[in-house]
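Written below as C-alpha cells is the structure these notes are about.
First chain written, first letter: the chains are A, B, C and D, and each begins at residue 1.
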C-alpha cells in the first residue's frame, strides 16, 4: 500500500534498489504533450549519484526507458510507464546488512512490518525509489509550464548551520545549477562544499534545509479542507527519505509574531490584480493558492549511513557494532533539490487538473 | 473535492459555519465498538469556543447527534454520521465581510477558486469544520486504545516565545487539562494565559507550537513510500486551519547535528525487545513505526482575525480598512490541541486497519 | 467501507432505515450551479414509497433538507450534504426480524460480516439508502443538462414476461411519468399494473427489467481500461438493491450474432459528424462514449419480502417459518426507474469532470 | 485515468499493443507469499494468442519478468511489477488502421477523447492490456487459495447458440482445460470448436457466454452499498474487452419468477452451518457473500475485427471500405476464460483484505 500519489495526475512507483529495476507509472497525464526520454533524463541526471565529488561515488547511469504512453514524441493520455534498470550492484557491500540493523534506517521497521526484507541495500526504502518521482515530476513540470507558465525551483538554503541568502522571487535554475551543492548563494556554496567534503572524509554526514519556490501558480489551485495545497505539499515532501520537517511561508518563525505583524495586507496592483503586500502566507490561504509565490522549506536530517562505527543489534537482537561499507552521500541535500521540486510539481499538476475538472466546467 | 481523509478508516466532513450545520461521515469503522454521543461530546467540548476566558466568547454548545451507524450503543460497521447544528449566529457581525477581504484569511482565495462564497463567517474555511474531525477522532482514539492501548496526547508546547518543559514520555491527559491553556508546564501556563489575555485586550493575537505524542503505537504501522506515517501525519495536521509548520522527532533542529550524533543506536531491552537509545527519529523510521513514542510538533500562526485595523481591499479591488467585529480567539493553540490529537489518531487508526488488512492475513 | 462512489464528482451516503435519518454528502460539485431543495425533492418523490397504489403503502414523505454546500440558491463548490429524517417507523412490524432471517435478504450476511445488525427493518440494506443516491443524482442530472444537454431517461421495459415496446431514441420523461408503472408503452402499462396488483394481493412479488437511455453524451467521456464507461455504469446499477443483471447495447442477445452482423458500421452524417448506422455498441466503444445514445438494461429480481409464508432459520440456526408483516412493494420496478437514472447520471457526471480535467486542459 | 483497480489489493496496468511492453504494478500484496514467474506464466499461457488452432495465429510468447516486489521467491509486501515485452509486431498489417476506423473498435473513440492514438494495432484498447490483469490475478488466486481455499473457475458456457451443460458446484480446472474451447461439456465442446473454425474460415467471428464460479468464499466478504460484491465483480468483468452483459445468480431469467419462487430459503446443515436450499442469489445477498458458491455469467460479443469487408470512414470522415488484414481470433471466448477468472479473483482478494482490515480487528 501507499505507493500511489495524486488524484487525477496520479503516479505509482515500484522497485527496490536491487532487483530488476525501479520506475513509475503515470496515469491521468493530459494527451498530446510533447515529451521525450531526454527531457526526463535531464532531471534524473540532477538526482543521480556520482554526479559530483560531494555525492556518493556510486556510478549509476540511471538511464530511463519509456515503456508506454508516448507515441511519436507525444503523450497518448494512457499510462506512461518509465523503467530504470538497476546496475552496478555490489552485494558484498551489503552482506553485513542481512544481519545488522543500520541505525536510523528502515531495516528494522521493514522487518517488523513485513517479516521479510530485501537486505541487498535499502530495498524499497532506498533513495533509488525517488527515480520514479523525479521522472514523473519532469512531466508534471512541463505541463505546469505549458498551461500556466509555472516555475518550480528548489535550492539548498542551509547546510548544517551555513545558511545562504537567496531571493525566492528572482532565483533562477541556472543559479541553482551553477555549483554542485545547488545553493545559489555562490560564496556560501563554496563553504558548504568544503564542509560536506570534510565531513565525508571523517566518515560522518550532515543535513540541512532545502527551500523551494513555485512561481505563477494560478489563483484558485488547492482545496479547502483535507487536500489543502500546503497539506498535500507537506505530505509530498515529508514522504521523501530523510525529511524531518516542513514549513510553508513564515513557518515556525511566524509563531513569534502577533497577528497584526503576521497578516498579509491586501492591495490592488497596477494591473488591477488583488495582491498581498507581504507573503507570510507563503502563497496559500485557506489551502488555496492566492497567486503569490508559494514558498516552502524542508528539513533533511544528516544521512543515516556513515562509515563511523556505531552500536546496533542484529536481526535476532544481539548487540553488535556496525560501520557502513557501501558508497554513500555525506549529505543528501544537493540531490534532494530535484526530489523536492518533483514532489511540489506533482502536487501542483494534480491540483491544476482537479481544479480544471471541478471549477472550470460550468 | 478534498473533503475526505483516510483510506480504510475514512472520514468525510461537511458544513459551513453558517447554514444547517457541520458534521462528518465515518466509513470503515470496525463493528461492535461501544461508543456513545457522550464520549464524542467530551472531545467536542475540549474543542468548542467559549470554554474559557482565553477563547472566543462565542457560545456554541456544539451538541452532536449521531444520525446513523450506531445501534444500541455499538457501531454497526456502516457509516457513522454525526451532525452538529449551527447556532448563535450573528450575521450582522459579518456584514462587512461580504465586501471586504480579511487579511490572511481564505475569503479572497475562495472567491478566486469558486467565484462564490458564503460570506456569513468563514464558511467552509471556518474552524467549525474541525468539529467533524474531532468527533471522528474520538472514535479513532477509542479503537486505538482498545486494540493496542495507544495513547495520543497533545499539549501546548510554546505560546509565542514562552516554551514549556514537558516530558512526552510521561505527560498525562490530566496534566494537559489541568489548565485552560493546555500546557502541562503549570508555572509557564500561567504566564501563557496572561500573555494571551493581554494580547486579546489589545485586539491582537498570537500563535505558538503544539506538541503531540503517540505512545504504544505498534511496530510496523505505516507504509514505505508516499503514505509514510510521518507524511500522512504531516498532511493531517497541515490541513488544520492556521498551521504553518510540521516537525517529526528532531525536526529542523536535527539538521544541526552530524549523522553520528543524530542516529538512534539500537539496543535490546530487558524484555528482548529491540529499542533505540535515543529517539531523534520520533518513533518512525522509513515511514514505519518502530515502537518508540511518536513525537511531532505543529506551528500555528497567530489568529488572522483581529480587532486592530488593517489595510485590505474589497471584492472589487477597492482599497479599504478592516477591523474585525466578531468574537474571536486571541490564540488558537488551546483549542488546537484536541484537533491535532484527532488528526494524529485518524492517521494511526487508518494505518492500523491498513496494516491489519495487508500484513496480518497470511 | 464502500459507501463512497465517484472520483471527482463523489458521493458518500449514510443512514439506516431506522435511526436518525439517511442522506448523502456530495463532494466535488462544480460551484455556481443553481439548485434548490424543491428540484431535488421532485426526484425523491418519484422514488418514495406510497406514491401510488402499486407501491408500498408506507407513508414516507422523505422531505429533504440541504445542510450545507448551497448558498443563496447556488452551489458553493464545498460538500453538499442532504438529510432526510426517518419517520413513520413501526418497529413492531419488525419484531420477528430480530430473530428470523428473511430469505434472500441481507439479514444473515450482515450478521456474518459485522456480528451485529440494526434489525429494525432493513438497516443499511434498506432501499431507503437510495434516497441519498437519488438526491445526488438530481444534481448530477442538472449539471449534465447544463453542460452538454445530456438527458438520462429510464423506464420499465419489462414486468415479468410483459415486455413493452419503447423507442429509446425518442422516449420522453412525460411518457414515462404518464402512468404509475413508468412504462411508456401505455397499453402494456395497464396490464403491468394489473399484474402487479394481482401479485400483491396474493402476498407474492414480481420483477422485471428497467431500460435507460442517455442522450447527447459528449464523445470522449469514459476511460480506456478499468473505468470503462460501461464498467462504471455496470457497477453503479448492480449496486442497487435487487439488481441481478446488466446489459449494454446488444447485451446477451448480441452473442447470437456474428461479428459481421453485430459490428456498427460508420458513416458521416449531414453535419460531417462521424456516426454509426446501427447502435449495437450501446453508445460506448472501448469504454468511451461515441456520441450515439447510451442504452442499458438492468434486471431486478422479484421483491424478497413477501407475505407468503416461507421456511427460514433464526439467528441461532433454528428452523422456522416467516411471513413478512411490514408494508412492502409487490414490485420494485416503478421506483427503481429514478434510482437507475440517478446512478447513470452520477457516472456520467463524474466522467464529464474527469474528462474535462485530464483531456481539455492542454 | 482509470488504469488502477482495487482498494487494498490494488493493481495498475500499463502498456500498448505496440511499444516497449505491457505490464502491471500490484500494490498491497501481503508479504511472505511464495510466488514465482513460472506460476504467473501458467496463467499467461492460458491467455496468450496462438495457443491453439481456434485462436489467432499471432505468436506472442508473452514471457513475463518480475521487476520488483519479490525476493528469494517470496513477496516483500512492496509493489510487484511485472513486465511483458512486446514482440512479433507486424506494423504493415496495421497501416490502413492509421487512416480507417475499424467498426465497433475503439479507434474512433480514442481519437475523440485524446486527439491522438497509437494506431499500430489496438494501442491501449488491445486485449494485450489484459496480460497485466491475468498476471495479477494469478497472485490473487494464490492468496485466496492459501487464506481460505477459495477456488475461482471459469469456463465457456455458450458459443453463439451452443450452450453447454456444466455443474458449477463440481466443475474442475482439469475439465475446463481438457479441450481448447474451455467448455467442460466435452461433446458440445467439439461442436463449438467446429463452429469457431468454420466461422473463422468465412472471415467472420462469433461470441458467447463465459460462466464463472467462486467456491469457498468466506461468508462476510463484500460491502453493503456501492462496493457490493456483485457490483465490484460486474465492473471488473464489464471492463474486459468485448463484454456486453453480466448476470449474477438467477440473472435476467430470475425476473420471470415470483418472489416466492425466487427466494432462497434457509436451512441449517449437518455442521450447524446456515445455508440456502437454492442459490438464485448467486452466493451474494445484500452485496455480501453468504457462503454459497458465487456464480456469474459474462456475455462477450463476436470479435469486432473480421476479414469480411465492411463500410467505415477514415479519420477525416471520408467513407471507405475495410477488411482486416491482421491475425485475429474468430472467437475470444476461450481466451476470455482466464481473464474473467482473474478479474473475479482480484475483486475477491481485495475484499478479503478489506474485510480483514475493518471487521476482524476488534
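Keep in mind that, in the parts below, a contact is a pair of C-beta atoms (placed from the backbone, for glycine too) under 8 Å apart; a residue touches a chain by one contact, two chains touch by 3 or more.
Chain by chain, the UniProt names read as follows: A, B, C, D = Chorismate synthase.
Just so we're clear, the structure is a prediction, and the values are computed from it rather than from any experiment.
Asks: Using the stated contact rule, I'd like to know whether B-D or C-D comes out ahead in C-beta pair count.
Replies: C-D
Asks: Pick out the pair in B-C, C-D or A-D whose interface repeats that of A-B, meaning over half of the contact pairs match by residue number.
Replies: Most of the A-B contacts reappear at C-D.
Asks: Measuring from the mean C-alpha position of subunit A to the mean C-alpha position of subunit D, what distance in angstrom results?
Replies: 39
Asks: Using Cα averages as centroids, what's the distance between subunit B and subunit D in whole Å?
Replies: Chain centroid spacing, subunit B to subunit D, equals 45 Å.
Asks: Could you state the distance in Å from the CA-based centre of subunit C to that of subunit D?
Replies: The mean C-alpha positions of subunit C and subunit D differ by 26 Å.
Asks: Subunit B: which residues touch two or more other chains?
Replies: In subunit B, 1-4, 7-8, 13, 28, 31-32, 77-78, 113-115, 124, 224, 354, 358-359 touch at least two other chains.
Asks: Note which residues of subunit B are touching subunit A in the complex, please.
Replies: Counting only subunit B, the residues touching subunit A are 1-5, 7, 13, 101, 103-106, 108-110, 112-115, 124-125, 129, 158, 160-161, 199, 204-209, 219-228, 230-232, 234-236, 238-239, 241, 243-252, 254-268, 272, 274, 276-277, 280-282, 284-291, 299-306, 308, 310-313, 317-319, 354-355, 358-359.
Asks: Could you pull out which subunit B residues touch subunit C in their complex?
Replies: Touching subunit C: residues 1-4, 8, 10, 12-16, 19-23, 25, 27-28, 31-32, 65-69, 71, 74-81, 83, 113-118, 123-124 of subunit B.
Asks: Touching subunit C in the complex: which residues of subunit A?
Replies: Of all residues in subunit A, those touching subunit C are 7-8, 28-33, 77-78, 143, 146-147, 224, 352-354, 356-362.
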